[in-house]
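Look for chain A in each of the two complexes below; its partner is chain B in the first and chain C in the second.
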Partner chain A sequence: MNVQARKEALRYFFRKVVDPLGYKFSPDTELVEFSLEQEVALERKYGVPYCPCKRISGSRSENMKIVCPCIPYHREHFDAMKRCWCGLFVHKDVTDPSKLKQFPAQPLKKG
Partner chain B sequence: MAEKKITVYALSTCPWCRKAKQFFKDHAIAAEEIDFDLCDSQKQQEALAVMKKHGGGDSFPFVLIGSDPVEGFDPERYCVLLGIQL
Partner chain C sequence: MFVPVAQTREIASGGMKAVDRGDRKIVICNFNDTFYAVERQCSHQGASLDMGTLDGYILTCPLHYAQFDIRTGEALSGPVPPDPRHPTGDLCSYAVKVENDTILVEIK
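== the complex of A and B ==
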């Protein structure tokens, strides 16, 4: 399957998963196309469409938490941002994703 | 203001990492860029140790401005830490 066809397949499956969770694809189409393309590449490399903005570790159980759409594993954090970490999905009421901030789930430590 | 060392820890697949890198280029601010997924295992371990020391390590972009960590693309925070206007 070529990249474009796989992107369309992921789009179809992802929509079915995120819709009942109250999310939709971001209106930022450039970001969506780029991110889906990266996920297809990650899927080809690892066999799984991981989030393109999360570290893939050696732990299968940890990696399961970053398989797109990873919203159920990070619900509280993503709901607070009204977007998922990579911004592929946003809350259904979001019309301008550029206004949404990306912030960490937990406070960081100054070194 | 003393010049702060800036390091951008990124993934080559991450769109927000690209924006973070571009932010520093647009402001003509020197920043070291580390593409975590393209590094060898030893360099990854070193980078991960730094990110974990600051409470991060799982999400990108991760930017270190002096000793202040910023996880996520946050130009407003970058400006505050650098003392510049957005």
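== the complex of A and C ==
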């Protein structure tokens, strides 16, 4: 199976999911291409396009939280960072993703 | 030789129709009012793809979710979970043309 064709298919499906959530693919096209390629490899191995920057555990319920696009499961963090963990998706208003900060996965402090 | 298989009004945009012509089992797909025809049996374990889901140009098998590009028949992904014992190959695709609202498929 052709990696490029699968990347295009994932791009097609992901765009439909993230757009109503207020996200888009990062303008950093090199990062997008690399991340999608890693997801294709993960999908070939596990049958699921997991987030390429998160550890796959033995727990199915935990693994389901890192199936790309994982925005709904980590909405609070992503909205605060205006990006997802790996940077594949950013808020629609982001034009320069290099200026965005990353927060650790621990619960965010309020206030 | 092109043979008539359906009328355009029978398949709405995003829809599919299963047809048999001789020993060929075919599914006709309407993607943005352009018609495509591919082999109907999934190349993984032979499920009827017309019972699956057509989303844009991507046809998903109802049995194990293998996906195919209806424009070329190309396999985009294999079954879930992965099944190395039964590799998923490309589907046979057929040339299609429309004449006077009739969809014709080339059977060689």
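One rule holds for everything that comes next: the second predicted complex is superposed on the first by the 106 of 111 C-alpha atoms of A that agree within 3 Å, B and C clash if a C-alpha of one lies under 4 Å from a C-alpha of the other, contacts with A are read in each partner's own complex, and residues count from 1 in each chain.
Everything below uses one rule, namely that a residue touches a chain if its C-beta (ideal position, glycine included) is under 8 Å from a C-beta of that chain, and two chains touch if they have at least 3 such contacts.
From a predicted model like this one, the values you see are computed outputs, not experimental measurements.
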First, second, both or neither for A:P104, with chain B first and chain C second: first
First (chain B), second (chain C), both or neither touched by A:V18: neither
First (chain B), second (chain C), both or neither touched by A:C84: neither
Contacts of A:V48 with chain B and chain C, given as first, second, both or neither: second
Chain B versus chain C as contact partner of A:C68, first or second or both or neither: neither
Superposition-derived comparison: chain B or chain C, residues of chain A touched: B
Contacts of A:Q38 with chain B and chain C, given as first, second, both or neither: first
Residue ranges of chain A touching chain B (in the complex, touch as defined): 31, 34-35, 38, 41-42, 52-57, 85-87, 101-104, 106-111
In the complex with chain A, residue positions of chain C that touch it: 55-58, 67, 69, 74-82, 88
Residue ranges of chain A touching chain C (in the complex, touch as defined): 1-2, 5-6, 9, 12-13, 43-48
Chain A-touching residues of chain B, taken from the complex the two chains share: 11, 13-17, 36-37, 48, 53-61, 64, 67-74
